[in-house]
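Next up, some structures in structure tokens.
Both of the next two complexes hold subunit A, though its partner changes from subunit B to subunit C.
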Partner chain A sequence: MTAAPAGRRLTDLWTCWWVFPPFYTLFGIIFVPLTRVMPPPSPAKITAQVVGFFHAHALTIQIGFGILMVAIGFGSVVNGLVAYQIRRMTAGSVFCYAYLATLAVGAIPGCLFCAFSFLAATFRPDRDPHLIALCYDMGLLTFVGSLGCFATQYLIFAIAIFCDRNKVFPAWLAYVSVWQVVTELVAAPVFIFKGGPFAWNGAISFWEGTALFGVYIACLIMASRKAVERQQRGEVTAG
Partner chain B sequence: MTARPAACSPPAGGSARTAMALPGDAGMWVFVLGDMAIFGVYFIIFMVYRGHEQGVFLASQRHLSLASGAVNTLLLLASSRFVALSVAAAAAGNDRRARRLIHWGALCGAAFLLVKAHEWYSLVGAGLTVQRNNFFMFYYAFTGVHLFHVLAGLLVLGVMRAELRRPGGRRAWLLEAAAIYWHMVDLLWIILFALLYLMR
Partner chain C sequence: MRMSAQVVSLWMAAVFGVILLVAFLLFPGFFPPMPPDMTAQQVAGFYARHQAMIRLSMVTVNFCGIMLVPFFMVIVYQMKRMATPTQVLAYAYLSAAVSGATLLALADLFWLVAAFRPERDPQLTQLLNDLAWITFTMPVGMIIAQMACLALAIRLDDQPRPVFPRWVAAFNIAVAVAVAPSAFAAVFHDGPLAWNGAVSFWLRACACVLYVAVMLAVVWRAVRRQQHDGVEGAAA
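Here is the complex of A and B:
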């Protein structure tokens, strides 16, 4: 890895960076108004209510997750940009590989499993209602409760920044990343509660964690932009 | 996020400090204030639930061991004191004393874990698990998240100890930042102790 010569355009990195904001905007549109996964519907719904939920939102769920299947790959582009910056740190490439691996594994329960569960539920609306309820539980439990890979990813990112002498990312981003570990950990009780602050739609398990995730993504987008800008000016020397 | 990267970079070598400089580094203050804000939201949510179910919360609170809570409070207070003295000893150039004080601080932290483990073990043995009611749901969740902070804090104390043996000379800002984190762990416990054990 060598430092970018000053004045280089870095079109490749800027192209990847510009995927960042539209990808997360699209992600928000898919998960909030279209598929209704966020904010999550109540875990206390009885089977008839779950069937009613899928009946009411079948079309938007299919459109939303259909778009997701096309767009999901762009998530790898933005993660790739961050992983590339981690490789430029003095922390060592192992952090880069670990970061990518945790996200690659985490994307399955944290995003895809939920999408396929909801798509399966809407695919045959005349299916046994209990099977539809099973899809509902599996989709939302994996979406909110898949915390291990992401907690590890945030920790890896934070440690890489702490160990980095090149100052590719500012130290405060590491601390913001550690908050995410805390919010992931408090999502662990979603497997127990069907109501209250620790349920999958709870104030602590979902709302607080999601608000902080929004802050984290905004910080990551800003910091990635600054990192590429500094690289363009030839300020950062690679390790 | 208002902190600018330039302001967050700790001073190189930690020597060129101005009289107005914060102890530690700005990034650690961002973390501490943010973490306390996260806990602040937890506490507000706890108070809302407590307001709805005051009878259940008060009855459940009686099952907690006030002695365990008090011992843990004293352990963390003592630990914080040891760590503060260690930073002062390091600043005075007495690294051996600084290291010894870190060991005492870590010992108190480890004792906290043992007391907490014993408390959980006794409660679970008495059938007072996380599913018992909303009070115990909060109790286990909050003390669990705090316990995670204590475990991370013991690692931080390990970093402090390693820093005091650093051949190139220790960095004062790093020792201070680590101590700030440990004090936050202490402060959070004091609030938890008041909320869960003492509030009537």
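Here is the complex of A and C:
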């Protein structure tokens, strides 16, 4: 791993970092006001109510997920930036590659499949209502319930930081990441419950996990910026 | 050229790319592309009528599509050889390439599942067909991110003889712009942006075929020069 030649601006790292805050802002706009996936509508809705949900929000779902179809690619840029920083840690390439791989997997069941299901539901409002209800379940369960890809990513990220002697990221970020593993675990019951704190819109499975995710992303954005700043100043430990 | 992992990957892309193109040309759903406003009965009838050819073409796509992934990994490797400040863009490119390839595999499976029992409830066949077209047409972000990362890396490749010529950056951006409108295919049932439209289908399909052909030639030249300079296999 080469350090930047003295004085050269780290344009590629800065570009990737500048993708980071707009990407998650857009992610929030897409999933909260536009597509109404967050906070999730209730799993207890009867079929007619599900049809009503898609009818009421069809246009914003189509616009929001249309934007996501382009924006999701820039999630890969963000993943690349974090993976690159892991590459500079003591743990090195293995966790860097593992981080990239788990998120390349996770993007599809954990994010895009929800979009495909919701778009299929809104594309034909006259479709058999039971199939629209199937799309609703597929969309929300894959979105809230794709546990392992993200849990693996959080776990290796935490371990990489704990073991790192190059101090690329502060140790407290590892604890924040460990909490993300816990939120994925407590989201597991969404496959069973149709109401209460463990349902896909529940206080624990959704609200607690999402609040902690927001904290995690804010921390990661700040820590990434500090890491690039330190690298730009030349305080680079060879990794 | 001497055989090496890179050369094998390029040959795989050339051979399987041609087979993939033939399979797409044989897929009855593409000529003309299936209109989104077909009724469930019409969609079910289409799968019953063309079952054999849908299976032949989509099993071929299933088998050959991912054979192009090693080619994209050659691009990752070449990006790591560039004199960019860091190798972050190569990592981002790799992540996007893997997700993008998975999406093609997924769309292919929806088509094959629909063709498996054309006699099932036409509403179900129509849903599978919708999911196939949505998954095939809309998620262009992965390939756009790949092209954006590659274009930026080429611009930052600060050496007298860059790995890829500078025009390749502009070409990547042009193709990214051409495929971007397909992201909104599920908003329209007809017109240029519908999944069978001039922009979302024809422009995008032609842009992707041209892209693979041009990039294959560009990467081929870069690998040949690397072999000529005797640095292939050096750490990158």
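By our rule, the second predicted complex is superposed on the first by the 236 of 239 C-alpha atoms of A that agree within 3 Å, B and C clash if a C-alpha of one lies under 4 Å from a C-alpha of the other, contacts with A are read in each partner's own complex, and residues count from 1 in each chain.
Operating definition for what follows: a contact is a pair of C-beta atoms (placed from the backbone, for glycine too) under 8 Å apart; a residue touches a chain by one contact, two chains touch by 3 or more.
These numbers come from a predicted model, not from an experiment.
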| item | value |
| --- | --- |
| Combined model on subunit A: subunit C and subunit B, fit or clash | fit |
| Which superposed partner A:186 touches (first subunit B, second subunit C, both, neither) | first |
| First, second, both or neither for A:171, with subunit B first and subunit C second | first |
| First (subunit B), second (subunit C), both or neither touched by A:108 | second |
| Which of subunit B and subunit C A:131 touches, first, second, both or neither | second |
| Chain touching more of subunit A, residue-wise (subunit B, subunit C) | C |
| Which superposed partner A:122 touches (first subunit B, second subunit C, both, neither) | second |
| Arrangement angle, subunit B at one end, subunit C at the other, subunit A at the vertex (C-alpha, nearest 10°) | 140 |
| Touching partner for A:18 - first (subunit B), second (subunit C), both, neither | neither |
| Nearest Cα pair across subunit B and subunit C, whole Å | 23 |
| On subunit A, positions contacted by subunit B and by subunit C | none |
| In the complex, subunit B residues that touch subunit A | 1, 3-5, 8-10, 25-28, 30-31, 34-35, 38, 41-42, 45, 49, 130-131, 134, 137-138, 141, 144-145, 148 |
| Complex contacts: residues of subunit A adjacent to subunit C | 1-2, 4-5, 8-13, 15-16, 62-63, 65-74, 76-77, 79-81, 83-84, 87, 96, 100-101, 103-105, 107-108, 112, 115-117, 119-120, 122-124, 127-128, 131, 134-135 |
| Of subunit A, residues touching subunit B in the complex | 167, 170-172, 174-176, 178-179, 182-183, 185-186, 189, 192-193, 196-198, 203-204, 208, 212, 215, 218-219, 222-223, 226 |
| Residues on subunit C engaged by subunit A in the complex (per definition of touch) | 36, 84-96, 98-99, 102-103, 106, 121, 123-124, 126-127, 130-131, 134-135, 138-146, 148-149, 152-153, 156, 158, 180, 182-184, 186-187 |
